[in-house]
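Input: structures, listed below.
Shared chain: chain A. Partners: chain B in the first complex, chain C in the second.
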Partner chain A sequence: MSMFRAKKLDLGSFVNVKVIRDHTKRKVFAENEPERQALRYIIRNLALPQRTRVQAQLQLAQMHCYTRPTQIRNRCIEGGKGRGVLRDFKMTRYNFRLNALAGKLPGVKKASW
Partner chain B sequence: MASSTPIRLPWRLLTRAVGAAHPLIPSTHYIRTQQPISFQRPAISRNYSEATPPPEVENATPPSQPPQTLTENTPVSEGPPGPPRLPRAVQAVYLRPLRRQAEYGVPSCDLQLRSYSVRNLEFFCDFALRAAYYLGLPASGPVPLPRITERWTVPRASFVYKKSQENFERRTVRRLIQIKDGNPETVELWLAFLQKHAYYGIGMKANVFEFAKVGVGKNMDTEMEKMKDIVGKTWDRVGVATTVGTKLTAEEIIERVNTQNFRAATHGNAPLSKLPGSISR
Partner chain C sequence: MAVPRSRILDLMKVQCRIFSHTFNPEGQRLGNKVLRQRLKGPALASYYPRKMGTYKDLQKAYPEWEVINEEEEHRREMLKIIKARGKGAPKKKRTAEESKKFKNKKRAAERAAGTAT
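Our next item is the complex of A and B:
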């Protein structure tokens, strides 16, 4: 969504439409997290009046989908791929292998046991 | 026997050699033994060989003069004449790090060192132990903690061909150094020193224990009562450097917190800390 996107490129890694989109989603989620949590708290709080809780429910449902944490997906910093990304290195398996064999990842060696 | 030991030998060999000579002496106190290990100084010869033409200055000295060494300049005070030893502090560098005895054995700091290479880790542990000794801290360790082995298996190819895979691993080695009976300020100093001289590829994590008298909560309550006036004044202007007397409203504070400079100061310049809507000042 263009209204959330940064006007200037604020990424240093591999850049791709999908990478920018994911990055924007992360930023929007971080910005709106307190509000989401507050609404979630109101919805789950049995001590509050029913009307308030329903209103909170509606408000939460009407929030933009970019504010949801489920929209965030880890992407490869080297190639922007969304699948097979190793969490430890933020890289796809093949990029991980290339970097590991080149010795660019500290401490990672070929294993044999 | 030990007098013929060359200067370049590592401490392991030295201690082994001396330990064989004096089996009764505990291994940690070689420096204090009555027969210290003496080191031969490198004899610096002023005589040039015949192959190289001697310079003008050297022509004045007769060629029959024996090689002049540094030992001639240093007077030998007592004992049989032999090669002089290095200063004790320099000798200690070649030996196992010295330790202080803990009187009570109350732990005051646990320092965990982590690295991917044992060599660097051992070296830095040695350094940390020496630093602790010279600061007067009784240190124990390094205790080798269990290694952390992480393994990844990935296909060799960029696409499909799952049958052919490759294994990678990363082994993290850990060491624990415990300081006992340490003065909290000295421990802080030690940690700061280690941080200042941090070695490459070594991570450090310290758990510092503080001890207080029984009734900490009550003491804190009384302190709070005493500080109420001062704290109240301070909290009126919390985190904002303004002149005394001016008060910021909540909106102003929120606005200020959301400025880009403030966020950069508190959360660093990470991409997430820069909000698109934030005002740059």
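Our next item is the complex of A and C:
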């Protein structure tokens, strides 16, 4: 959503619209996380009155989808791809291979046995 | 030697006070596990590397020096060559009429193709 997007591009990695979107979602989630956790606490607390808990449930469900952590997906910083991304290197398997063979990833060595 | 339950509860109460836990002998669901969770927002938000140290910043920091961005120079040079050969991008259409002209042409061509088949 454009209302959340940064006015000026602040990414140094590979950029396409999906990467920008994911980055925006991450920032929005970080901003709204305390509120979400507070609502979650109210919902899970059985000692509170039923009415309060239902209200909290509704409020949590009505928050914007960009504030949800499940919307976030790790994407490749080299090519923006969303599948086959190695979490440790933030890269797809192919980009990882290229970088590893070029010796750009410290501590990574091709094994053979 | 059996210890009465009340004694154990007292002990638990003191234990909870010292270690700042919530005293909850009945095991009720109070949602404290949500409060105990750490915020993972900052870690998630710093996934992508941020932009830093661009040529523009450098130029701004040292206005008395001239900064040469080789990639940008190369791009401009190539553009010049392309334009000289007449292969550059067309000019932006400013008015609605100008943009309509092209559309009609396209449609007319389509119509002609439709009648031919």
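As a convention for this text, the second predicted complex is superposed on the first by the 113 of 113 C-alpha atoms of A that agree within 3 Å, B and C clash if a C-alpha of one lies under 4 Å from a C-alpha of the other, contacts with A are read in each partner's own complex, and residues count from 1 in each chain.
We adopt the following convention: a residue touches a chain if its C-beta (ideal position, glycine included) is under 8 Å from a C-beta of that chain, and two chains touch if they have at least 3 such contacts.
Since we're looking at a predicted model, the values are computed, not measured.
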Touching partner for A:47 - first (chain B), second (chain C), both, neither: second
First, second, both or neither for A:23, with chain B first and chain C second: both
Chain B versus chain C as contact partner of A:31, first or second or both or neither: both
Partner chain(s) touched by A:107 [first = chain B, second = chain C, both, neither]: first
Contacts of A:11 with chain B and chain C, given as first, second, both or neither: both
Partner chain in contact with A:88 - chain B first, chain C second, else both or neither: first
Partner chain(s) touched by A:69 [first = chain B, second = chain C, both, neither]: second
Contacts of A:96 with chain B and chain C, given as first, second, both or neither: first
Overlap of the chain B and chain C footprints on chain A, listed as residue numbers: 10-12, 23, 26-27, 30-31
Complex contacts: residues of chain A adjacent to chain B: 4-7, 10-12, 23, 26-27, 30-31, 86, 88, 93-94, 96-97, 100, 105-113
Partner chain A, residues of chain B touching it in the complex: 116-117, 150-152, 154-158, 166-172, 201, 271-272, 274-277
Partner chain C, residues of chain A touching it in the complex: 9-13, 19, 22-23, 26-27, 29-31, 33-34, 37, 40-47, 69, 72, 74, 77, 90
Complex contacts: residues of chain C adjacent to chain A: 28-35, 37, 39-42, 44-45, 47-52
